[in-house]
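We just call them A, B, C, D, E and F in the order they show up, numbering each chain from 1.
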Amino acid sequence: MSVTPFRLPTIPLYKKETIMNLIAKGLRLDGVRTPESPRSVKVEVGVIEKAEGSAHVRLGNTQVIAGVKIDVGTPFRDTPDQGVLTVHAEFVPLASPLFEPGPPDENAIELARVIDRSLREVGAVDLNALAIRPGEKVWIVWVDLYILDHDGNLFDASMLAAMAALLDAKLPYYEEIETGEIVLDRSKSEGPLPVKHRVVTVTLAKIGDYLIVDPDFEEESVADARIVLAFDEQGRIVGAQKTGPGGLTTADLEKAMDLGWRAAEVYFKALDEALAGKTGGS
Amino acid sequence: MAKAQVQLISEEGLRHDGRRPDELRPIRMKVGVLSNADGSALVEFGKTRVIAAVYGPREPIQKYMVLPDRAVLRVRYHMAPFSTSERKSPAPSRREIELSKVIRESLEPVLLPEYFPRTTIDVFIEVLQADGGTRTASVTAASLALADAGIPMKALVGGVAVGKVNGVLVLDVDEVEDSAGEADLPIAAAPDIGLITLFQLNGVLTRDEIRAAVNMALKAIEYIVEKEKEALKAKYEF
Amino acid sequence: MSVTPFRLPTIPLYKKETIMNLIAKGLRLDGVRTPESPRSVKVEVGVIEKAEGSAHVRLGNTQVIAGVKIDVGTPFRDTPDQGVLTVHAEFVPLASPLFEPGPPDENAIELARVIDRSLREVGAVDLNALAIRPGEKVWIVWVDLYILDHDGNLFDASMLAAMAALLDAKLPYYEEIETGEIVLDRSKSEGPLPVKHRVVTVTLAKIGDYLIVDPDFEEESVADARIVLAFDEQGRIVGAQKTGPGGLTTADLEKAMDLGWRAAEVYFKALDEALAGKTGGS
Amino acid sequence: MAKAQVQLISEEGLRHDGRRPDELRPIRMKVGVLSNADGSALVEFGKTRVIAAVYGPREPIQKYMVLPDRAVLRVRYHMAPFSTSERKSPAPSRREIELSKVIRESLEPVLLPEYFPRTTIDVFIEVLQADGGTRTASVTAASLALADAGIPMKALVGGVAVGKVNGVLVLDVDEVEDSAGEADLPIAAAPDIGLITLFQLNGVLTRDEIRAAVNMALKAIEYIVEKEKEALKAKYEF
Amino acid sequence: MSVTPFRLPTIPLYKKETIMNLIAKGLRLDGVRTPESPRSVKVEVGVIEKAEGSAHVRLGNTQVIAGVKIDVGTPFRDTPDQGVLTVHAEFVPLASPLFEPGPPDENAIELARVIDRSLREVGAVDLNALAIRPGEKVWIVWVDLYILDHDGNLFDASMLAAMAALLDAKLPYYEEIETGEIVLDRSKSEGPLPVKHRVVTVTLAKIGDYLIVDPDFEEESVADARIVLAFDEQGRIVGAQKTGPGGLTTADLEKAMDLGWRAAEVYFKALDEALAGKTGGS
Amino acid sequence: MAKAQVQLISEEGLRHDGRRPDELRPIRMKVGVLSNADGSALVEFGKTRVIAAVYGPREPIQKYMVLPDRAVLRVRYHMAPFSTSERKSPAPSRREIELSKVIRESLEPVLLPEYFPRTTIDVFIEVLQADGGTRTASVTAASLALADAGIPMKALVGGVAVGKVNGVLVLDVDEVEDSAGEADLPIAAAPDIGLITLFQLNGVLTRDEIRAAVNMALKAIEYIVEKEKEALKAKYEF
């Protein structure tokens, strides 16, 4: 069951007005950004040595770690020749005074599912290349998203972390023993995880009549609605989700696709820089 | 989307069930189908059949689940175990949890919760048969049940999904088209106030395709909302 | 843990008196029924095309849908040559202001188990005829009871729906492929589910010193206890359950068996009519 | 009931353990076996062994779980993992949930909850060994524990199951008879006020058989309730 | 998540003082014991005929039953040639006004894990002797601890019960049928469960500057901390756990090992007496 | 402990990673690493990496979870799914439940909860990478995060595990040593007030070995607490 959030702190009305007045002048609360620009973004890969792939993303004060773990398992019955990709998100309580311990709530599930669909629909990971013994043994790829610090726009930070961790990931070395069982040696590798497409999401918030890119926590708190758009590198839209209690006009949608693609290019650049020589970005 | 290329559009441009690309399935709506609920509605899009019930505004059982200045909306989208080909476990799946949220957020833009502080408005939706488009049928049924319960609303909401099948945009996709298609774009809107209130994309589309799909959906939703008004009138005229 | 219901609406004392005074005169609250007669009953089968069997029952304002789904599975270890029958009930919150979302509570579990036992003990479904490969693959028959509108006497309405849905059910067509797996084609059928016996339950409520048949919600609210009796077509008792907080005398029990069998015949007739040409009831 | 036809009644009309059809197993009752509980009792019917503890009337931990005009009764029937042949998972099964309910409803007819408004009376039952008839032994133990706790009651309750084995009605069925028999009819009653408070049938019986079985059970329950009174006296005489 | 207990009854300050004054004089609340002596202990084995092994322990007013159930199952992947030993504790609500129905809480889990580790680390049960068909079928040994009456020091009473039940336990008779399945006949036995070492725990409570052996419930309530020490028969320490909110000095630790071993000898004696002819203790 | 006898101490008396028996792994501590939390710290012992956040003293969400005369401490020790070789299910395991308790009880001796009646102090610990010694690293990180949050404390707490490997006591065991060793003795202490606040033994040791191991651990903990003080200063000096 989904319930109107009833534990969010009350937002004073003047704060929304302040934010809107700033946007009208092309400004944001942080005094630095324009309505169209995302916060500074920093992507670092290989941060968890024990994971097959990992990344740490900072988007302003928002911090997300993604870890990729790869195991051997059984394929789904309707796709016997494909590996399995699973995206899971935990909103652990250290990240925000609003998060409580417990199983993923609707927000964590929505986030994981939007990212999962966007990766899946465009075929970001080549699942056909992940069968070890078709119909029997395939690679199971877990993408675990860990929110460490929530200052708004978890979608974009999480998608960047997921994508960077997948690009960082290596398949473990394996041997088939006599019994037919597959035995892994995670200290060696079969080569990189086959990633065919890169995807980023861009989230825009609607505040009054304005649309702004990459809302921080305060902006999200006063926003009427948000729209998350997933882009591949050719600019196609490979996933979308309106989220939050409000509505959008067709004009909003048009503008969101426009501003979204421009921000997507910033995110793709951060991803490139992180992967170049596998060191940090800007 | 790496789907097997099934041919679902005939040479004449017709769909596997004979519909034109911009044609809806037969739609049936009935209001006031339950005696206990404050409002209720049954909605069918072809074989997709959902029932929605509204209870409230009422005092919540969990006393803490309130807001001092307005009503809290609770929405549950749930599938009956017998609604799908393979039996669905009745425990809520991650998909049902997500859909409950997007349906709630598709209804909140038209509600006036500040009229009922410290109360709960409950919308319970059961999918009795699933043949594609259950979430948009659910929004439609919920909108009717809310109106039937006498909850004041800025506008009625209706919903429909547009798909892309064999490269063609098609209206009101059924399960066959959904599972074989290249994209599925469920949309809900309140035409009377010009707002899109549910918008999801599962698949790959260009920006031009999205524009075309949204237009196709919004046109159909205007028709669907007219049907809602007729169904509400039908109840109160008899 | 079972707890005295503490959330039921308080029943004014005069209501119980009113109801008892009416019964003393051979009347009921609805102004139509005698203490011995059930409400109007309407059974419709084949209401869910995607289910292997289904039925919709209206007993007064009470509405129940039963859906039968049939899958292939593994038999229980102690009955390797038999199919499996499972009855499950959901008290979904749209049916009553008293139902909350969540896993089945003690009332839903009790209802499902009483119906399950009554079907099982008399051998209503011929489980011996449901082995596909004895010891390995058998038919699994799920009966899912869905309460849509709760105006009292869920037992009788649910049992009627379960029985009608079983009588409506067809086994899906199957093929055994080379790997030995069983593949279903639900668009075709192997023929009807083998149903050997018909069962109905009749519920009687004890209010003061009176016993009434088929109590509605208001009558249940003031009742001291209820007795549910399951009958087969020969009038044998194939299951029973006292439910509710009160007790019964041996005289009550005697009278309940008497009145119960008379009402059972009404229910069997409604079932017959629904199945005749598989259209609506009385 | 499609059970294998095992011969459980000898040519002399005796049962597999040598009992006559209307003979109870050896019964043992002991009151006040626990130090923390306000009341407690251990009851054995042959190898079936249950222990019951009563806490209350007390303020409930969940403050909302109260009634303004009377006490709320909470009953848990639970089986120890080592009580059965194959280990039983300690999580409550659907069977345990149902039996907790019917046991609660077998005790409520003799309680006077209006004496203790806004409180909870808790009855916790643990089956230590299960050899048939655990629910009726549980009612018996619960009745003793309630009396031991000083909770006012209209009458004591006792229980026993009658079965049908190889066509013969037998009293106080054990596990072997229960699993091979044609019917099992657990009954609890308060003989001093003439009320049957638990009544279930698992199996197929004619109306005449039910009459005979009920009579057989009620006669035994009168004896069981006498034993309860002795056990209570035994505690307070020493 | 672990939370400071907030439902314990408030302990009047003078009670702690009373207890400390008594200890200073070498006395305890019960007027009988010295700070160094455990309560009277009584161990009885074979109390549950249907279990493969069982024991009932009374330590003062504390009562615990342990039942051992033995089934056939699959070994763990990393120990394919060993049986499996599992310790599980239920704090059932009849034992204390502080226990509520529900899954095991942190106290029950801690108790089971401390006992499990102490048995495991010293190799109390010879798991290597419990493979039926190495890599495929092994004995699964369940030790279920059931607290019946909680008057303090559940650790020592539970460990005594677990140990006595293991020493009482017999492996069921089994046959391998044609299909390769193992079929058990619990009425016969393959001989005793192979137990190689005996272990007891001794719990000491720190109250003010004092250490006392085998605290009862009132003493636990005022204790600053407790230390649980597991001993084998040679006096080696085979497990330990500080529990409770306070701390210990190195001197406390030293004294605890000293007093602990002396009490352990008392417990071992009770165990011996219970097993001698398998009848009750002292 | 029936472990395969792997040789983990070289002829020169060095460990598999080149450390001497009484040598710690490289330790890194950083305070104030999160913006939302009232206090936070990242702690590394070799490849073991944990992060702790503190919220509070604050009003608890569950209103009943309070004590009238002091603060309630809530502690969660949790492992990230990617922190271990095989993916760890994010649902709390029995091990995590036990460790949350012993970590809470290792912090309570240094807190002054009576300063904050009716509030909750929350300590949330996430293990980002597990390579042995996660519970003692967690205590260390929690102590730093509490200090960073400005919670008054009697002393700082630090922790480290001593192991026995091939008969030799070794300081700060890593995962390889832990799984092959004969004993593992995690200890936490507050040296400034002379209290051991966490003490567990997994394995078999003589009383003399325990004495030696405790001394080895306490010496290391003094050093660790000094490092904590430096890390706290480092934050506030810049």
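The rule we apply is simple: a contact is a pair of C-beta atoms (placed from the backbone, for glycine too) under 8 Å apart; a residue touches a chain by one contact, two chains touch by 3 or more.
In this text, all values refer to a predicted model and were calculated from it rather than measured experimentally.
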Chain-contact steps, minimal, separating chain D from chain B: 2
In contact with chain A as well as chain F, sorted by label, we have none
A student comparing E-F to D-E should find more C-beta pairs in contact for E-F
Greatest Cα-centroid separation from chain C: which chain? F
Per the centroid of Cα atoms for each chain, what is the distance between chain C and chain E, given in Å? 48
Report the inter-chain centroid distance for chain D and chain F in whole angstrom, where each centroid is the mean of the CA atoms. 51
Whole-Å distance, C-alpha centre of chain A to that of chain B, is 27
Overlap residues in chain B, where contacts from two or more other chains coincide: 64, 76
Where chain E touches two or more other chains, by residue: 1, 101
So, starting at chain A and moving first to chain B, the ring lists as A, B, C, D, E, F
Which residues, counting only chain A, touch chain F once they are in their complex? 7, 48-51, 54, 61, 63, 65, 67-69, 71, 88, 90, 92-97, 100-101, 103, 142, 144, 146, 148-151, 186
Touching residues (chain side chain F, partner chain E) in the complex: 1-2, 64-67, 71-76, 94-95, 97-98, 100-105, 108-109, 113, 183, 185, 189-190, 193-207, 210-211, 214, 218
What does chain F use to touch chain A in their complex? 34-37, 40, 47, 51-53, 55, 58, 61, 76, 78, 80-87, 90-91, 122, 124-126, 128-131
Taking the touch rule as given, give the residues of chain C at its contact with chain D in the complex, in rising order. 1-4, 6, 106-107, 109-110, 112-113, 117, 121-123, 127-128, 225, 227, 230, 232, 235-250, 253-254, 257
